[in-house]
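Multiple structures follow.
In the two complexes below, chain A is the common chain; its partner is chain B in one and chain C in the other.
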Partner chain A sequence: MRTLFQKKNTSLLLGISLFAVIVLLGLLAPWLAPHNPLQVNLSNRLLSPSGEYPFGTDHLGRCILSRILYGIRTTVSIAFVILGLSLCISLPIGLLTGYFGGRTDHFFMRLMDGTLAFPDFVLTIAIVGILGPGFTNMIIAIVIVRWANYVRLIRGLVLKVSKEDFLITARMSGNSHMRIMRRYILPQIAAPIAVFSTLDIGKIVLLIAGLSFLGLGVQPPTPEWGVMLHDATRYFQLAPHVMIFPGLAIVSFVLSCQLIGDRFKEQNVHVPKEV
Partner chain B sequence: MLRFWLERVAQMLLVIFCVATLTFILMRVSPGDPARILLTTHNIPASQEAIDALREEMGLTDSLWSQYIRWLGDVFTWQWGTSYMSKEPVAGELLKRLPATLELASAGALVMLLATCLIGLVTAIFSTGLLDRMGRLMALLGASIPSFWLGFLLIYFFSVRLGWLPSMGRGGLAHLLMPAVTLGLGLGAVYARVLRTNMLEMNNQNFVKASRARGLSKGRILIFQVFKHAFLPILSMLGTSFAFMLGGNVIVETIFSWPGVGKYIIEAITARDYPVIQGYVVFTSFLFVAIHLAVEVFYVRLDPRLRAS
Partner chain C sequence: MIVLELRQVTKAFPLRLLRRRRGLKAQDGKASVQAVKQVDLVLHRGETLGLVGESGSGKSTLAKLIMKLETLSSGQILLGGQSIYGPHMKDLQVYKSVQLVLQDSASSLHPRMLVKEVLAEPMRNFEAKRPPEIRESSVQLIRAVGLDESFLEKLPHQLSGGQKQRVCIARALAVQPELIIFDESLASLDPLSQASIVEMLQQIQRQQELSYLFITHDLGLARQLCDRVAVMYQGEIVETFSEWEEGKLKHPYTHALFATLDEHVEISSAEYADK
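Showing the complex of A and B:
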């Protein structure tokens, strides 16, 4: 039992440190990057890793390491923006539907069942496809796809808290609905939402990279991991380093989120099981 | 029983209705004039008269309501217009590419099931120790490795380095192998973890204890009781994961130049071929609704408890 516990602790610690290191690298990118990530130099194209270019150069002679470091800024900040927007929409809806129930609740549940019936990727591609490829439309599409997951989670958490004794007491002592939600429910559900969000950041990053890889999301020459793999499509058979390093970057970031979330999922901090 | 199915079908028609409405709204909100795009696609100079004439012809000058009603009618009669690129009806273009996509998704589902059973069984039997740790690592990686990167790695090692497998196109089994693995392996590793947990939980169930007390062999208990019951929930996820794979197809088909629906839609989006894009949205919603319905029929057959209610 004890060893089991310790093992889980190490993986959580590993996840948190990996996450922190990556975010830190992104913040310090201007000081750490050896070159300008947008500097094209055609005489240096497709160079293998060396002292001058630790991860080599891409088809336009740009430094891959610098592009990956700046890519952290692009990808992770977009992911946080998407997460924030989704929570802004879902938090009020989840709170109200969970707390009051009734007809509105029924309506939103049906609406969400409809959204959740479609796999994430198909729906995002459909929306981006209609609105047109690009940065803003990608964000809109991912928010439309992800919000229902949060509403379902938040609603479930609120329903669970509503049955607790302290909440019944709070209600009986004449607190207003607004005050009950703010003072009693929100603090209770904040922690599980935070955990679920970390798990989700990884998924959002995968969506961003996937869309950008298909040419539907972030557009070149912006340094972003999916865009880098998109650029690598035609050259990786000759120079595999152009795809290995951006791919490793995506995997390490998503893995760090998984490691953090995994621990909580096993501990059952009411994070609903996802397919 | 009849009422149950009628309700199901009504619900599914409602889903398609919602999708059609959402598509209509998004199409009107999206920037760009379809008439102008159609003209530029065919390299016709987009003069104002030409645009106006075409708008009239495409019915874009009618009121929004009548456009909407006409669109709804078109959706349910499978008349989704003609592609700007090929000038062929969209429904036909999509149906033509469906077999390739279904082939790939089925192969992916098969790889997923094999990986789930293999990794799940091994890690459940050796549930403490090195093999189990590796299973856990594989599940984590399976959820973290994007399919486009896995595809690149496979192509690099098996096509470029070793020269064993073709890296693009559709053909025999050799062509199918790498795309199917790219599609199914990650999800298989994730489900293997679920299977392992289910099996370990089964071990403490009374009916398993009873069989053990009666002296049945370990292997028999493992396969016919523990595995069988632990596997059922996984089977119920198969419908969802098949739908998931039809979505994941878009990336895998693009990497391996697989001539299916997914590759087609990316080409259409790049060319701003609006009829194909909206046709794809409606088409996939029909497809998913059909899958969901098939899954329910399957469950009701499989589980007698559902038949009673």
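Showing the complex of A and C:
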């Protein structure tokens, strides 16, 4: 880590700072938000940014800044839940298929090929269309779409590590297969998974916002960035700030994830030269 | 007492699988490639059997078959009179009796495990030893392979090639096996380190009455260490001898090997004379 900072990785620092600030703002939203994000005040409709409403108000007179701050909680926490669920499902599958191979591996490979054959967004919309719009269904749909990417990544990493002689030695030292996976393989593949997850969290946020924008994800009046964009479409020409600020929030978060992930990818973290 | 017995051991790799793995084309309509052909071998307690032959002759495949790292096509492998594929012989029971020391000591050790952890694992897994006993045994083992106690606290990257190989040997000894297979284990070491490890192995063998299966393509090294030598050529044992007299040898390939030995001795002597 020290060498990373010594090389003045401004993009990485910028990414981490931006990410930390956004998460911190989300955590402190109840104390930082100037107004109740759900409070409707029709006499204050579509107000431009001012001292009282720094980002202005939306078509129902709600404070956009407050809704964006609370929106961090909704969007980012859903993204982390989806990421966690995807990892919980794909980590054991990826480890087992990569380590043991055989028919189970073939079965999951074909299943993954089927899932990965469709673009993420199209498949998510199709699944939400089948399950019906809503918060839980959106999470299920995104997990179904994203898990295959994680299984493919984890399986590939396990296959790479499995060629190492120290796994043969570990087996000969009397370790069970489960212990080998936990103690020998998992620490070796943790760093690339972390990098991939960092990059992916941005994509997941985009998927959540995209689905909510189409009315298939989080439903109004919950403060969520995609929902805010959806609400703003009709008033964009009249009050552009209604769309600009939620859009900027999405761009900032996705950018922070990309900056962190790209920089770690360039550092080639999966091949530690020194321990 | 017979420790290891191989009866008509054959290993054939299906060409279809090989083609898929290595992109090979079918050869003369053959369905499979026989890496090991009807090998019969017997290894007695306290004996060192050398297995020599050129690269690709099937020596390492034979070692993998004994260690159950490859599946047998036909024949029998008996450890202490019991088939390793018998219902009562699980993998870990095989590893309790036989240990394998690989050629690449650097990749045989987990890069993030201290030497003391490497040595502790087999003792904990096979003998359920407690930490104070493990500590005591680790000190004895590390001394037995010619290193001092300070090496227990080191990571693999802090050791030289010879020291790593000594740690690998200590790990194999920690299991207290009846047989250790050395698969080209000394090939990557300099002559001085080789000589020192050979001497150490002979000393350990005298003390513990261990059996060694010493796989090498270096006939000179086999002459130093082995009581008996089996010559492997194109998957078959073509000759077994214990007396190093070329006149008594029958197979032309063994004669060719002896010729390289003479050449090697001449070159070594010439190099020494130059210095």
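We adopt the following convention: the second predicted complex is superposed on the first by the 258 of 275 C-alpha atoms of A that agree within 3 Å, B and C clash if a C-alpha of one lies under 4 Å from a C-alpha of the other, contacts with A are read in each partner's own complex, and residues count from 1 in each chain.
In this text, a contact is a pair of C-beta atoms (placed from the backbone, for glycine too) under 8 Å apart; a residue touches a chain by one contact, two chains touch by 3 or more.
These numbers were taken from a predicted model, which means no experiment stands behind them.
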Practice problem: Report for A:121: first if it touches chain B alone, second if chain C alone, otherwise both or neither. | Solution: first
Self-check item: Contacts of A:187 with chain B and chain C, given as first, second, both or neither
Solution: second
Exercise. Considering only the touch criterion stated at the top, classify A:229 as touching first (chain B), second (chain C), both, or neither.
Key: first
Quiz item: Looking at the overlay, what does A:169 touch: chain B (first), chain C (second), both, or neither?
Solution: second
Quiz item: Once the shared chain is lined up, is A:130 touching chain B (first), chain C (second), both, or neither of them?
Solution: first
Exercise. With the two complexes superposed on chain A, say which partner A:243 touches: chain B (first), chain C (second), both, or neither.
Key: first
Practice problem: Going by the touch definition up top, name the partner, chain B or chain C, that contacts more of chain A. | Solution: B
Quiz item: Where on chain A do the contacts from chain B and from chain C line up?
Solution: 275
Quiz item: Hey, which residues of chain C end up touching chain A in the complex?
Solution: 67, 69, 91-92, 95-96, 99-100, 102, 104, 107-112, 118, 121-122, 124-126, 155, 157, 168, 171-172, 174-175
Exercise. Give every residue of chain B touching chain A within the complex, in rising order.
Key: 15, 18, 23, 26-27, 29-32, 140-141, 143-149, 152-153, 155-156, 159-160, 167, 237, 240-241, 243-244, 246-248, 250-251, 254-255, 265-266, 268-270, 272, 274, 277-278, 280-281, 284-285, 288, 292
Quiz item: In the complex formed with chain C, which residues of chain A make contact?
Solution: 164-166, 168-175, 184, 187, 272, 274-275
Quiz item: Where on chain A is chain B touching in the complex?
Solution: 114, 117-122, 125-133, 202, 206, 209-210, 213-216, 229, 232-233, 236-237, 240, 243, 247, 250-251, 254-255, 258-259, 262, 275
